[in-house]
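We just call them A, B, C and D in the order they show up, numbering each chain from 1.
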Amino acid sequence: MLTLAQAQTIMSAALAHAGTAGFKPLAIAILDSRGAQKLFAAQDGTSLKRGEIALGKAHGAVAMGLGSRALHKVALERPYFVDAATHAVGGSLVPVPGGVLIRDASGALLGAIGISGDTSDNDEAAAVAGIAAAGLVSDTGA
Amino acid sequence: MLTLAQAQTIMSAALAHAGTAGFKPLAIAILDSRGAQKLFAAQDGTSLKRGEIALGKAHGAVAMGLGSRALHKVALERPYFVDAATHAVGGSLVPVPGGVLIRDASGALLGAIGISGDTSDNDEAAAVAGIAAAGLVSDTGA
Amino acid sequence: MLTLAQAQTIMSAALAHAGTAGFKPLAIAILDSRGAQKLFAAQDGTSLKRGEIALGKAHGAVAMGLGSRALHKVALERPYFVDAATHAVGGSLVPVPGGVLIRDASGALLGAIGISGDTSDNDEAAAVAGIAAAGLVSDTGA
Amino acid sequence: MLTLAQAQTIMSAALAHAGTAGFKPLAIAILDSRGAQKLFAAQDGTSLKRGEIALGKAHGAVAMGLGSRALHKVALERPYFVDAATHAVGGSLVPVPGGVLIRDASGALLGAIGISGDTSDNDEAAAVAGIAAAGLVSDTGA
């Protein structure tokens, strides 16, 4: 199970990456392997439901066991499946990059981070930087 | 009405088929003709909401009276209809193969089985194997 | 994490207990610690949504970290809290006995079982018998 | 508008208060005045949906413009109103102490904090300590 201390390290490093790179304001959601929120932050200037996009990237990844870059590919190839899966999992599934599974060195799933606010590629880069800072392994779905 | 004994025979045979064939971990949902869950199992290693995909295949089939392979064809040809039907039936309808109607020898509807975890074709093959083992008739929608 | 083999042992023993004791038809839902369905069965003769009651007992227990007998006590003393919690957790929380947390010998939460169909006390007794048969520890909330 | 820096100060001080006082593991949700999540953390050991209870305390407070201690009083005196309001606001309203409005020195609403995990009185005390540490004004609804 992802600890709060690990999640705080991931969050701080993701925010630091975004600050250095000059990203737009981000919402960042970190879920544990149960799909429960562990840590969430919205930077100043994020729009009303930006957090729900971040949550949807993370939740979709945990729900389907796939980084959201893989879900993005499915959405392009088989949109009806992603539509259906979104409904089936309860509505929170955003199939664009930026939802990254968090694994330990053995490959066990600890949780996922979802970031939204800048481009999807930049969102994902901040997620990957955060996970690396905690000594854990990113699974972007690439 | 599908009996629990019949559902258990279907489930065991579907799992045996998957084991022999080396499928990825499956979630398997069996509904009766009312759409009520009769039997459900998730193998070890399935992702958080894999079961909801299996349920959506089975529920969509019972809801529309069509094996999910037929719903897949509709999703490709008239996606707006499947979108609308998904909403109309409450959100649980997954239009890809693997949701198979269970009929008796006279053609009467007893229920449906939905399987998710491997390819859609493999999911469907496990469902068909399970139904055959119970001496019942598969309607995949092909 | 609760294994399917453990869940099958619990289910079989709960059904055997109910059969020996002459209980009415039961719906039995076993969730893992993520709140995901692991195993479910509805005996012949259960009403259309009996399964949802069983699921609500199990889900409420995992959601709140309390056996449903404890939630029953809260419902009697502070009904507004249980009403609010039911909404907050998404609607599936049934605060009567028969939702039992499944723990290992160290006390770690593996999941929960919810049973509905006979009296709440009998439902709970079947759950406890099932968990004991798997060599695991019941937490009824008493 | 509540800033992320203010929310971080509130969160840290609330967690420090809980640590010193020996509270059970808490979930803490901080919303801005729009009801959007600003910051959220769940300590290790919180149950699956404990976060939803914390969110419901904070959301109910912002939704109705009342600290949740006031909503608790309403729930005791006019339960039908709180039931109806819970539905009307979309399901997330938990009418027990621990949902505290955050105001600036002029009385303007900045947001709310909701805490769940220990007794309601202790949850509220941690919230009040957090708000004080940020130099802001608590409105518990007392």
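Convention: a contact is a pair of C-beta atoms (placed from the backbone, for glycine too) under 8 Å apart; a residue touches a chain by one contact, two chains touch by 3 or more.
Just so it is clear, the model here is predicted, and its values are computed rather than measured.
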{"item": "Co-neighbours of chain D and chain A - touch as defined", "value": "C"}
{"item": "Interface numbering overlap (same over half, different under half) for chain C and chain D", "value": "different"}
{"item": "Equivalent of A-D within the choices A-C, B-C or C-D, defined by over half of its residue contact pairs recurring", "value": "B-C"}
{"item": "Per Cα centroids, the chain farthest from chain D", "value": "B"}
{"item": "Computed distance of Cα centres, chain C from chain B, in Å", "value": "25"}
{"item": "Chain B and chain D, separation of their C-alpha mean positions in angstrom", "value": "43"}
{"item": "Gap in Å, rounded to a whole number, between the CA centres of chain B and chain A", "value": "30"}
{"item": "Residues of chain D whose C-beta touches two or more other chains", "value": "46, 48-49"}
{"item": "Arrangement of touching chains [line / ring / star / complete / other]", "value": "other"}
{"item": "Which chain pairs touch, all of them", "value": "A-B, A-C, A-D, B-C, C-D"}
{"item": "Parts of chain D lying in touch with chain C, wherever the complex brings them together", "value": "46-50, 52-53, 55-56, 60, 72, 75-76, 79, 82-83, 86-87, 91-96"}
{"item": "Contacting residues of chain C [partner chain A, same complex]", "value": "33-35, 90"}
{"item": "List of chain A residues in touch with chain D within their complex", "value": "1, 3-4, 7, 34, 36-44, 46, 48-51"}
{"item": "Residues of chain A defined as touching chain B within the complex", "value": "33-35, 62-66, 78-81, 83-85, 87-91"}
